[in-house]
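Note that the chains are named A, B, C and D in the order they appear, and that numbering of residues resets to 1 at the start of each chain.
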Amino acid sequence: MTEITEEQARTIIDTALQTGADKGFKPLSVVVLDAGGHVKAFLRQDGAAPGRFAVAHGKAYGAVMLGMPGSAQMARAESQAYFMSAVNGVFGGAVVPVPGGVLVEADGRVIGAVGITGDTSDNDAEAALAGIAAAGLTGRA
Amino acid sequence: MTEITEEQARTIIDTALQTGADKGFKPLSVVVLDAGGHVKAFLRQDGAAPGRFAVAHGKAYGAVMLGMPGSAQMARAESQAYFMSAVNGVFGGAVVPVPGGVLVEADGRVIGAVGITGDTSDNDAEAALAGIAAAGLTGRA
Amino acid sequence: MTEITEEQARTIIDTALQTGADKGFKPLSVVVLDAGGHVKAFLRQDGAAPGRFAVAHGKAYGAVMLGMPGSAQMARAESQAYFMSAVNGVFGGAVVPVPGGVLVEADGRVIGAVGITGDTSDNDAEAALAGIAAAGLTGRA
Amino acid sequence: MTEITEEQARTIIDTALQTGADKGFKPLSVVVLDAGGHVKAFLRQDGAAPGRFAVAHGKAYGAVMLGMPGSAQMARAESQAYFMSAVNGVFGGAVVPVPGGVLVEADGRVIGAVGITGDTSDNDAEAALAGIAAAGLTGRA
């Protein structure tokens, strides 16, 4: 398995949103990127602020382009802020290094990433992991 | 009705993709933008090239930001190429002025736009119109 | 009520500037954005520095795109500077996360934002709130 | 007289919009820039598309930065498209070289520019000239 499919992307989004609804999260926005960091699918729930695509995308994009989930990027930002700032620069400002950016793996290989924004960063990551698991894939948050 | 909803966006995408499948179109990518030009939903079918988000977005973004569907933008580009090129510049290069960028209207007001890419521009527009109609809204291509 | 109107924007600007004059604030610059973050109206008073449009815009733009008023953005910047820096990056550097970026709400929904710059951030926010109230709308600073 | 004032900017905008209303133009968006190309005032009428600030700004910005009104820029674009395209590039894509970008002069010196978009380019310019004249200034379209 090498590419994230439309069907997997739909399952990830639907389960992530259902998880948020079940747990009382604020309205979520969910992006699914492929292994090249390109957008496969996205959905922004009613009530989410208009700029949420960019934030969700930034979480997932950093994860897949660096091969580091959001938690690892955050740790690096906490310990060496200028490094993550510089990394962000080389990606045109498109990286948001916090939890909620979750790598998607199959057979031990990264096949994409999910980015979620709307609630706390940890809750965003929880919803992403639930979606990825429902698609039969492995999430690394 | 003033904002394009998640439910409408899902209907638009699903119907547009089904239309493409019924008519034998190539794999499509469909974006739904709100009245401010912000991404509400997107889906790229399996087999579509990785850069299709940007093309679909460019068709819909130009439509909503200018209040002109893709066909009108193309006509202007044909008659005054430097004008549409300059307009594109003020929007950061994010405008793709061809059919397949379709305004979504409700009660006579623009509430968003749909951008589709993958087959011919005219077929892209046809799939968008089918999706918009299925959501009970009015498309202007 | 779903869109911020020209008449409301005029009232917001005129009242904000009058508030500044009454309280002896420095020359102010006031922008009014719609619910999609697009400029509806702007006025820069005589004596204000030439770059004030970008600052006023940055305060209002961050508020509406994130659904967070300037005070909340500032709190997040104080506690997690790299996060707000990264968020700014995904919006092309167009976010100024301090008070003076005030959400405009009607019937509990965000319909736009006001950004003011020229005096202290708190005084800027005070002028914005006065303008928003005069237009019969609710401000969240 | 060296700087365009708030009072002049208000007169320009109000008269331009009234001219459009009197003549049955579509909803207009009007920007007033100072002699340095910086935004002094802007107003977008209800019903105008959300992206109209960028287009109005592009008309006025090109005029003041080049010292050429929109009609002269258009003539150059018609005769030497790659030149205006290149000029646009050095200004970051922010120039829209068509009528509706009108220089504002006082005592033979350029003190700013007005940019209008919404109707035909010629009608946009006509509304700008009416506004500039009402402010006791000289327009060059």
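In the analysis below, a residue touches a chain if its C-beta (ideal position, glycine included) is under 8 Å from a C-beta of that chain, and two chains touch if they have at least 3 such contacts.
Chains and their UniProt names: A, B, C, D = Heme-binding protein.
Here the structure is a predicted model, which is why all the values come from computation and not from measurement.
Chain pairs B-D and A-B differ in how many C-beta pairs are in contact, and the one with more is B-D. Chain centres here are Cα averages; for chain A (Heme-binding protein) and chain D (Heme-binding protein) they lie 43 Å apart. Each chain gets a centre from the mean of its Cα atoms; for chain B (Heme-binding protein) and chain C (Heme-binding protein), those two points are 31 Å apart. Computed from the mean C-alpha positions, the centre of chain B (Heme-binding protein) lies at a distance of 30 Å from the centre of chain D (Heme-binding protein).
Chain A (Heme-binding protein) and chain B (Heme-binding protein), compared by their mean Cα positions, are separated by 25 Å.
Along chain D (Heme-binding protein), residues 50-51 each make contact with two or more other chains.
The list of touching chain pairs reads A-B, A-C, B-C, B-D, C-D. Contacts from chain D (Heme-binding protein) toward chain C (Heme-binding protein) in the complex involve residues 3, 5-6, 9-10, 34, 36, 38-46, 50-51, 53. Within the complex formed with chain D (Heme-binding protein), the residues of chain B (Heme-binding protein) that make contact are 35-37, 64-68, 80-83, 85-93, 110.
Those residues of chain C (Heme-binding protein) whose C-beta lies close enough to touch chain B (Heme-binding protein) in the complex are 2-3, 34-38, 92. Interface residues of chain A (Heme-binding protein) facing chain C (Heme-binding protein) in the complex, by the touch rule stated above, are 48-51, 54-55, 57-58, 77-78, 81, 84-85, 88, 92-98.
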